[in-house]
Each structure stands twice: as structure tokens, then as C-alpha cells.
Amino acid sequence: MAMFMPLAQAVSENLKNGDSAAFEGFTHLIPTAAAHEAIRQGFRDLTLIRMTPDLIYDQMIGMGMVRKMVFSYVGNPGVGLLRRARDAIENGYPRDLEIEEHSHAGMANAYEAGAAGLPFAAFRGYLGAELARVTPTIKSVTCPFTGEVLAAVPALRPDVSFIHAQKADRKGNVLVEGIVGVQKEAVLAAKRAVVTVEEVVDDFDDLHPNLCVLPSWTITAIAVVPGGAHPSYAHGHYVRDNAAYVAWDEIAADRERFAAWMQENVIEATPEDFAGRVKHLRKAA
Amino acid sequence: MSGNGNTQAFTPGEMMTIAASRALKGEDVCFVGIGAPSAACNVARLTHAPDITLIYESGTIGTAPDVLPLSIGDGELCDTAVTTVPVPEMFRYWLQGGRVSIGFLGAAQLDRFGNINTTVIGDYAHPKTRLPGGGGAPEIASSAGEIYITMAQSKRGMVDKIDFYTSFGHGEGGDHRQRLGITTAGPTLLITDLAIWKPDPVTKEFTVVSLHPGVTRQQVADTCGWTVRFAEELAETPAPTELELKTLRDLQARTKAAHAAAN
Amino acid sequence: MAMFMPLAQAVSENLKNGDSAAFEGFTHLIPTAAAHEAIRQGFRDLTLIRMTPDLIYDQMIGMGMVRKMVFSYVGNPGVGLLRRARDAIENGYPRDLEIEEHSHAGMANAYEAGAAGLPFAAFRGYLGAELARVTPTIKSVTCPFTGEVLAAVPALRPDVSFIHAQKADRKGNVLVEGIVGVQKEAVLAAKRAVVTVEEVVDDFDDLHPNLCVLPSWTITAIAVVPGGAHPSYAHGHYVRDNAAYVAWDEIAADRERFAAWMQENVIEATPEDFAGRVKHLRKAA
Amino acid sequence: MSGNGNTQAFTPGEMMTIAASRALKGEDVCFVGIGAPSAACNVARLTHAPDITLIYESGTIGTAPDVLPLSIGDGELCDTAVTTVPVPEMFRYWLQGGRVSIGFLGAAQLDRFGNINTTVIGDYAHPKTRLPGGGGAPEIASSAGEIYITMAQSKRGMVDKIDFYTSFGHGEGGDHRQRLGITTAGPTLLITDLAIWKPDPVTKEFTVVSLHPGVTRQQVADTCGWTVRFAEELAETPAPTELELKTLRDLQARTKAAHAAAN
């Protein structure tokens, strides 16, 4: 049953050094506030899982918190490369970063298998593609009916998943709307799930029955953090801060500038600061 | 270069996008990569192919954005979609399910057989440059009916040998796809800023079939890392029409204004 | 691209003698009008696929149209047995009926695999259950990571699927709401898909983005048949005719009474009759 | 038998449903079969376990029906659910995903080890009576944390050897489940119209632990097809309370009225 609590408590109670953790969001609803809280609390040796590592993974990698990353696209969406992740992979700075790389189809199927309680997922993938050579967790399975050889990947089962969502009701049920990505799967595949939400409403009685609602008992903790997905967006609440993504390319290009930015905007900031960051983006949502 | 009225003047990039847009038909279901593919697909939708179905890997099916998204998951895509599905469903039911007729990809490195690298420059374990990686491309390359590729020509990008097979085109050429059990057609079209290329029916090597207006064979050869083959009958790509150019420029102007306004 | 047409044409153009056909609906939105049209047109040697064969499969079996049935629960939901299906299985009347029996999990996974373009589905199923002994299409596959042996079933790929839905828009996109069952999977897994709908609306512009909408280009033909799911129900339009399910138990118990009922209510009826059958059920929806 | 005021008089069926309802806790996530299990689960929700999560295999999660559904997919279930998901998702994410604590099943034939037959009476290929079949039961039996079974006693229903293993209980008893690699507990409770049964910790044979008020050992033995074992300390099931009986009867009255009204 989901417990409502401050973000600092939700993170400290559910993330540990050495954990495998997914901060999921597919361009939309990225749990930035939760990641920043994890940075402030200074966790180490994390294995970070995500289809599309973006700014928050660049930040955690740049802060030296990450031992390994499991991913399928390590870019700044619409802008280019992730420079802190590159520095770690290419130069081992600030520490070596082990990588386990899949395709989107591979990651999506692996989350789906995790949510479904299966040990692996089979799909038609990696045909002629070299990831199958460099990633040891890509194997194969043969269809017992047709003999077709399909790709197989192990199910993803994070110790903890963090997502951001639009709404919780007072019972702790959570609504995710718009581009829902793999958030439902990330929550159901994880041992523990922490959700930040834009707002709490009395009940979901008027919701359409087929929306993406995660029942309270599938969630460990909920923290109310308006704006918590900035600089990504929350469908129906505020739009994407594209300028922040473009700006990040320059900030992350330089180790010192990165460190200074993190100090000012993360270490010395609070979850409450997110509301202000999305103020000018609300009118356009 | 401002577009109003002066339809004779256009950039190579504009020609590339417009030539790519012409290859798309109204009945196509197109899995759209970001950047040049996205512009081409939406120009097609706004000109000769209003019924085209555009799918972005974020789960948005049948989108009709008024401005180009910066990322594959901008709100505009969801707002204008026929439906928005979870990402696992997108890759299982829609791509793997064989419902995509055209996969539109860009490339960091491309070889003459349409194999694409967007993973690393250099060795995988010790890369010189770590690129974003494959994302949806490895399975788009094998599950979409055909693959269209679009990229600006350069010797760094169009290389004799790519450093990593992110997504498989025609491999070493010939029947390499069939030998791997891949049943889709693979790369059938390459549109650069200088020319239109199609694979040779037998060897599957990309061959120039049309030069964009004013472009010479020498220019194409000088900006390509492999020895370029030209078709016996070489066409000239029709210049952008007034409508095409206006549509593209209006789209880009709306996009610029929208992205600035939100900030 | 979906074509709008009368039901008789939609059925005659998309169903053939010997086809494998799914008339899907999980208690809700059962495509009764389409099945009755198939009965009137007198198809033979069908392989009928469905998780929950109910009245319409009892009717088609009783009319001698069915060579084989693939299913997971052959009951009159909430009432009891299906007496025409029993007569066929137990006594070969009016003809022998071959059966291929799965569990709900097996059928649901098999439809899902069909929609996903996979040759088979793997799931944790049939443990200690005897269906695995009597159904030859239940095999196994071994996880290449854990060694766990899982059940495997071949993907379902009907020649044609029929479903009933609430709404189409003028472009032929189709909305299914409420208990959505396996209808989306049945459509996407099939070579051809025929949809009957309660009504046509101008557009779906105001729909929530995450509803179950089947794009026009995934559907072959649409016929407008208000009430076409009777005696099941259409969420938001009319309620379930529970009395009709209870009455069926007696009608189907007797071969002659069954034949007379079919003559009067199906053979001599039309798709237009369905609107009247749900009239008294609309007030309660 | 009309319920108003006379809480001492109750039918064996009412006792069965109420005894079953008492076994459910507020934190349970219960996968509900139709008929007696559905009534028991909803009586629990309306009395001591208001927070219980009820799931029906039609995809309705967290339902709170005001009247009992006739089928597992009545509109009432969807109208009152926290969310309604597609059936493949129900079986993959919710049941197989290990999120169900209690699976509540009925049975046509049951043996002393909790194995259930709802498929055929007689030989599978040439059945004497073809029953509806397993539906969701084979995987409920292996994926739900525990299985509760409820059925009225009869020699035809509670048999020495079932004709078909639709869903696996404890097999031949002992550690048979573990030997098949099944990690869940299996049948832990049987509630009949006469008694409450629990499996012996070692042999897993169902053993009577509590007789309903007024029921004798002989009555239990006479309506069971196997030789009944009784626990050393045999309890008496507490009679239905006024609240329990009123809740059940009101629920059934509302159900009857609702099903009649729609017709």
C-alpha cells in the first residue's frame, strides 16, 4: 500500500548503495526530482537501468555514483550526445562505467518480462546486429513449433524503480497519462516503487476505466513534487523545456562547469524548487 | 535564405528533405526517426500524402504534428495521435507485428550496403567516440517492410567499413539478409543532400540513380568514402516545387517559433 | 483501410468455408450480429477460435457449421454448460467436433503472440495440469538464463476476426471501451478484421490519448449494427440481458426447440433486429 | 427463509459463504471465481475487510460491485474498478506476475489433495459429461499465493479420484508441488457447506478442522467420497453474525432485483 511521504524520506527508505535502480520515463515524465534527491543523498555503486538515459543519468554518472548502466539509447534527446556519460565510457572519468547495452525492443521486452514475472523475454531482434556479439545477456531461444531462432534477454527486475506521474488519489492510486513509455512495466517489475506526482486529487471516480492507473498496493511510496519532471514535461500540466536540453549540451561538455552547475542547481536545491522551474511552461501545456 | 517567392534557391539540406518526402506514399505506415526523417515525413503528410500514418517509437500512432518535435516523445506527437500506446506494445504489436511499411533512419556511419553505425567510433570496448547507440534501429532495420536512409554526405559518414553494425542493411551484399533469415527488404533508398541512391538488384550496393539539380558526379564522389557507382541512366532530381519548399520552410518556422515560445 | 459496408457484405467478403475465425468478446461486446449473419450465410467447416465460446458458438456448432473449436472455457457465463457444444462433443451431433483446449492464460498469450508477430508464446503455465497431456499444441521452452522450463503455445493467427465495438469515426478508426478482453489482440493477430459498431461519430478528437483505439488501417470492414452485441452488453450503451442467458439454457437443451428458435430468431431475422432487442436495456446502461 | 431479524436461522449455503468470507483479510489481493467465491469475497469487503482488492479475470482490478455479477465480466465490475486492463495483461502482469495473494476457486470434482476437475466427467476424448473447462484456473492454481476452495459437499463432487486434473492442488500429496517446481502454497483452505478443512502439514490431505453449527461428523463423512480425516481438536465454526447474514442477504436481494430490473 503506497505511503505518502516527503521525497527525501521516500528516496532514503527505498534506495541503497549498490542497488539496481530504474528512473524511467520515455522523453515524457522523467523523474528528475527523484534523481536529484538521490544525488543529494550521495548514493554510490548504483546500477542504473533505463531505455533512454538522458540528463539525470548524465548527472549521476558525472557525480561518480554509477558503477554500471543498462540502456538502449544514451543520448540527449533531440540534441546529441551525453557528455558526462561519454567521459566515463571513453576516459573512465570520474570512474569507470560498465555498460550493458540493448536495443529499445530488447529493453522494452525485458521490462515486460519483469512485470510478467517471467525469467526472460523472446522476440525477433538483433538480426545481423552487433549488439548480440558484445552484450553477453543477449542469447537465443528456439521456437518449439517453427524452429525459428529468436533473441532472448533476461527479465529486468530493478531493486527500485522511480517514476513521475500526473496524479495520485488519496488512497495512493496513481494515474499516468499521455506517452506512458515503460513506466507501468518498470513499477511492476521492481521490488520497490517510488512515484513522484504533480498533484493529489480526492478520488479517481470520474476516470475512464481503461486509463493507465497503478493501484496503490503496487507502489511503495508517493511524494508530491509539482514540476518534478522538469526539464521534461507532464502532459496536461506543463510543456517540455527544450532550451534546458540544448543548454545541457554545453554545461556537460566541461567537467568544471558541470560541477558548478550541479552544486548550484542540485546540491544546494530542494524538491520545492521544481515548481518554480516549470512556472513559465505551464501556460503552454 | 528566406523562402518567400524565391523557389529557385534552396539548400542541399532542403533538397534532401524534399526528395525524401516524395518517396513516401499516402498508404505508407512510417516509423519515423528524429531529425531529417521527421521533417521529410511531415512534408509528405502536408503535401502529396495527407493520409500517411506516422509512428514515433514513443508509442504515438498516426500523429500529425503542427510543429516538428525536438525529441521522439514531445507532447505534440501525443496530442495529435490517433492513439498512444505503451512502448513495449509499440515494439511488439506494431513494429515486430509487421505493421510498419517504411522505417526511416539516419546514420552516423553508413556503408555501401546500407549497414548503419550509430553506436561507437573506434573499438566497442574502448571507443574513440561513444555515440548514442541503436535505440529502436536494430529491430526497425529487420521488421519494417523497407528502410529509407537519409543523411548529408561526408567522407567521415559514408565509409568503406563501419566500426559497428548497429543495424543491419544488406550486410556484405547479395542475399546476405535472406541467409540470416530476414524476410523484409531492408534498405531500398538512400537520399543524401546530393543524390538519390538505390541498391543494385543483385549486389545490393547503393548506386546513384539521380543527381540533385546542379550536383556533379565529382561532388558525389568527393564526399563519399567508397568508390561510387552510378546508374547507366542517371536522372536529375526535380527541383523542389514552390509548394514543397513553402511547406518545409513554414514547418520549420512554426517549429522554431514554438520551441522558442515555450521557453 | 477500413471500408464501411452492410454487415451481409462484410461477412460474405471476409469469411470463407474452412476458415479459422475468431468472434471475440470477453463477456462484454460479443459480436452476436456478425455470428448470426455468418449463420444465415451458411458457412461450413469453420475452425472457431475463442477464449470463452458462449451462445454464438453454441449456435454455430448446433447448426453444423463447425469442424473444430479452439477455446479455454466452453460455458454459458454465469449459468452453466453449453448444451449444443456438449451434444457435439459427447454425441457427435449434428457432426463431430474436434477440440483444441487451452487455459485462459494459454489463449491470451497465444493471441498476444499473434498480435506481436511471434511464432509462439512462453509463459508459466499448465504446471501439473492435465491439458498439457491432451492438447498437442502445448509444448515447452527452456529459459536460456535460468533453466526454468516454461509452457509454450503457438501464436493464434485467425484468418478473420470479428469484434463488436462502441464507436467508429468517419475515417474508420474504432474505439473499444470498458472490458476490452482480447479484442485488440484478436484484430491485430488476424489476416482480416471485421468490426460491428454501435454508432459512427465524426471524429475522435476529444478522446483521451491512452484509450483502446484500433486505427482504420488495421481493420478490413466496419458495419454499423446498433445492439449488435445483444444479449451481451456494450459499456455505455446498454446492459447485459442476463435473462436471455438464463433462457438459452432451456432453448439449447432440446434439439428441436433449438432448431425452431434459430429459424425464428436468426435465419428469419436481420441485423436491423438487434436495435429493438436492446431497447429495454438502454435505460439501465 | 427470509432474513429479517431471524439471525439464528441460516442455510448451509449461507454458512459456507460467510465462513469463506471470514478467511479473507483486508490486505489480500483476491482473484475471484464466479458463484460462491464471488459472494464470499464481496461479503468480506462489505464487513471486516473493506480494503480487500478483488480481481476478476475479465481484467477488472479493485472492483467493488454493489450487486453480484452473473458473469465474470458484468458491467458493474468495470464501473466500480480502480482500473480495467486487457485480458492478456491480466494473466501476464497481474496473475503470473505474482501479485495475487488468494485465488478463490470452485470445483465440479475435488479430491482430498485439493486437485480440481472442471473439464470432463469420464474420459477426455469420449466424455460422459463435457464441463466448461479450466478457464483461468490452471494458472490461478500455480500462480496465486494460496488457493481457497469452496463447494457444497456431495459424493459426486468430493471424490476419491478425479477424472481430470484441470488444476493442480497438492497432486499426490506431500511435496508433490515442490517436485514440479511450483513455488506457491496451493490449496490451504476448503470451505464446504458443512465444515472447514485444512491440509495436513505433511501429507497435505484435507482434514476437517471445524464443523459448522449443528453439523455432525457423520454428515460430513456421508457426503464425501473419500474417507474423511478429522483434526484431533475439532472446533465449531461460529454461527453467522447478524451483520454477516444481513450483508449477504442484502447483497443477494440487490443482485436479484438488479438482474430482474434490467430485463
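Each chain carries a letter (A, B, C and D) given by its place in the written order, and its residues are counted from 1.
Rule of thumb we're sticking to: contacts are C-beta pairs under 8 Å (C-beta built on N, C-alpha and C of every residue); 3 or more make two chains touch, one makes a residue touch a chain.
Keep in mind that this is a model prediction, so the values were computed, not measured.
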What is the shortest path, in steps, from chain A to chain D when you may only step between chains that touch? 1
Co-neighbours of chain B and chain C resolve to A
Compute the centre of every chain as the mean of its C-alpha atoms, then state which one is farthest from the centre of chain B. D
Taking the mean of the C-alpha atoms as each chain's centre, how many Å separate chain A from chain B? 28
CA centre of chain A versus CA centre of chain C: separation in Å? 39
For chain B paired with chain D, centre-to-centre distance based on mean C-alpha positions, whole Å: 58
For chain B, which residues are shared contacts with two or more other chains? 78, 84, 92, 96, 143
Going by the touch rule set out above, which residues of chain C reach two or more other chains? 112, 116-118, 123-124, 148, 178, 180, 184-185, 209-212, 235
Using the touch definition from the top, list the residues of chain B that touch chain A in their complex. 34, 57-60, 69-75, 77-78, 84, 86-88, 90-92, 95-96, 119, 124-125, 127-139, 141-143, 164-168, 171, 176-177, 180-182, 259, 261-263
For chain C, which residues are in contact with chain B within the complex? 1, 112, 115-118, 173, 184-185, 188, 204, 209-213, 215, 217-218
In the complex of these two chains, what residues of chain C are touching chain D? 26-28, 51-52, 71-75, 77-82, 85-86, 89-90, 101, 103-105, 108-109, 111-112, 123-131, 134, 148-149, 178-182, 184-185, 212, 233, 235, 239-243, 245, 280-281, 284-285
Quick one: in the complex, what on chain C touches chain A? 116-120, 122-124, 137, 139-146, 148, 150, 152, 154, 177-178, 180, 208-212, 235
Could you list, by residue number, the parts of chain D that touch chain A in their complex? 27, 29, 53, 61-62, 78-79, 81-85, 92-93, 96-99, 143
